[in-house]
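Shared between the two complexes below is chain A, which pairs with chain B and chain C, respectively.
Let's turn to the complex of A and B:
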């Protein structure tokens, strides 16, 4: 069966989507990703969509739900590498994907993730003291 | 139309040189002052046109000027008027090219059928119809090429008015000037997103000092641009909001609370520098710091 590979890079997981997503593939990815987050105790997930020429509302919703699931498992998600044309289409469709962190490429995504994890830890510490 | 005018062809064939000569003269008196080169060109064009007219009349199988027999004449006239439109002729000067053919043509007809008033009247009527039709065609073509010039200029203006400026290593500025409609927003968005990819910038400042009016539609376009830049991973700041515009935005109930806004480009630039970990320090303060160390 077709699967989307999930690579472990230090404390982060890297998911590169290079094929057209459909329902089954999305569900498999959600299964795999949540399992890997728990297995490796990952704190960050990078989803690279630079190879996607078309992003529709289905993929938009899927990315959002993956981000929420990862958040429940204490991992931050960053979507990286969106094409300009895709960004324009999403905005014109009225799907500005609020609540999803974005970055230009994997490198910048990592920097953003580190910042986000640091902020989350500080938040956690602060609430722990209280 | 020129169905029954086999006589017209005969007359033109018989007196071609006379008609052409008189026509060229006529053009010079009615049209604008021509330079020697332009006169030479007009001469050549007149000869060509008479030739095209002749072959169209020969082939004429009863159709009107829009038919296939006349395609040569039509092409010639369209080419001529589009060239004249670009060279800055007025519509009157362009149309008079065709209309000034009337005088020589009519006088040739008069010489031919001088004794027969009815034949003269018929032939003149047919010739008038033909030339009027060709004149209208010329004017239409002239208008069309002028419109093409205007469209091209509009497009150039659109590109000119949306520059993306690099302010710092990872900070872009987009000074908007003029009204923001959906077509322009599209261009602005595209330029901005491409520049973000190219320069790998983290911050984009949209400066709206030059935007005269911000209504709900313009605000919506701005928000779209901000959202698109955010999807590319860049943070957008809006600057250059004039007091009146701030008032209008609030009165209209536009919600800009998701976007960082600053009154001036300088403030927005400073904020972007600070967020990217830079700090602007005066020279004196810097040197005192260095001395203290």
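Let's turn to the complex of A and C:
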């Protein structure tokens, strides 16, 4: 079965979406990624969508779900590399990509991810759970 | 309006939605649309193709390059023989859905297009057509 590869990079997981995803493939990625977060005890996930020529409501929803699921599993998500034309179209489509952290490229994404993890840890310390 | 070229595609499985996206991309490049306009028409087509599959139980996409005087455009029509839409006004409302989507398909596709037409009859099916001028 066709799958999108998930790479382990230190404490992070890196997913580079390079194919035009059909819906089933997007759902498989959701399952695979959540399993890998737990397996590697990853605290951060980078999703590189620079090769994606469109993000429609299904893919957008999939990205938002991954971010929510990862958060429940104690991992932060940053989506990187969105093409300008995709950003313009998403806003016009009316897709609320709220709650999704983005960065321009993988490098900036890593910095954002470290910041987000640090913030989450401090939150956890303050409330005494984590 | 004159139809310059037409291509019909079946939408039966989720892979067909991907094929429709790719065919629409090809046509919009042939028309000479810029990258942002290409992305808009491909995204709108993706939403409607998924609707045809998920709500209409499958159907057809018709891709047409059209001309109207000096203007040229790309029209994509989606047709199914599914259950139809009982309340079109409601179906065009942002966030309204009978499925498990986000309810942005129809309203979003409309916003992304220059012209939008929707015909539906309960029990007979649905036909949605979008047009983007160059």
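We adopt the following convention: the second predicted complex is superposed on the first by the 127 of 130 C-alpha atoms of A that agree within 3 Å, B and C clash if a C-alpha of one lies under 4 Å from a C-alpha of the other, contacts with A are read in each partner's own complex, and residues count from 1 in each chain.
Just so we're on the same page, a residue touches a chain if its C-beta (ideal position, glycine included) is under 8 Å from a C-beta of that chain, and two chains touch if they have at least 3 such contacts.
Everything numeric in this text was worked out from a predicted model, so none of it was measured.
Of the two partner chains, chain C is the only one touched by A:57; chain B is not. Look at A:88: by the touch rule set out above, it reaches both chain B and chain C. By the document's definition of touching, of the two partners only chain B reaches A:97; chain C does not.
Once the two complexes are laid over each other on the shared chain, residue contacts for A:123 go to neither chain B nor chain C.
In the superposed model, more residues of chain A are touched by C than by the other of chain B and chain C. Of the two partner chains placed by superposition, only chain C is touched by A:23; chain B is not. In the overlay built on the shared chain, the residue A:31 is in contact with neither chain B nor chain C. Taken together, the two complexes place residues 84, 86, 88, 92 of chain A in contact with chain B and also with chain C. The residues of chain C lying in touch with chain A in their complex are 14-15, 17-18, 21-22, 25, 35-36, 38-40, 42-44, 46-47, 50, 94, 101-102, 104-105, 107-108, 111-112. Across the complex, chain A meets chain B through its residues 80, 82, 84, 86-88, 90-92, 96-97, 102-105, 108-109, 112.
Residues 20-24, 53-58, 60-61, 83-86, 88-89, 92-95 of chain A touch chain C in their complex. Taken together, the chain B residues at the contact with chain A in this complex read 186, 189-190, 193-194, 196-197, 200, 202, 224, 227-234.
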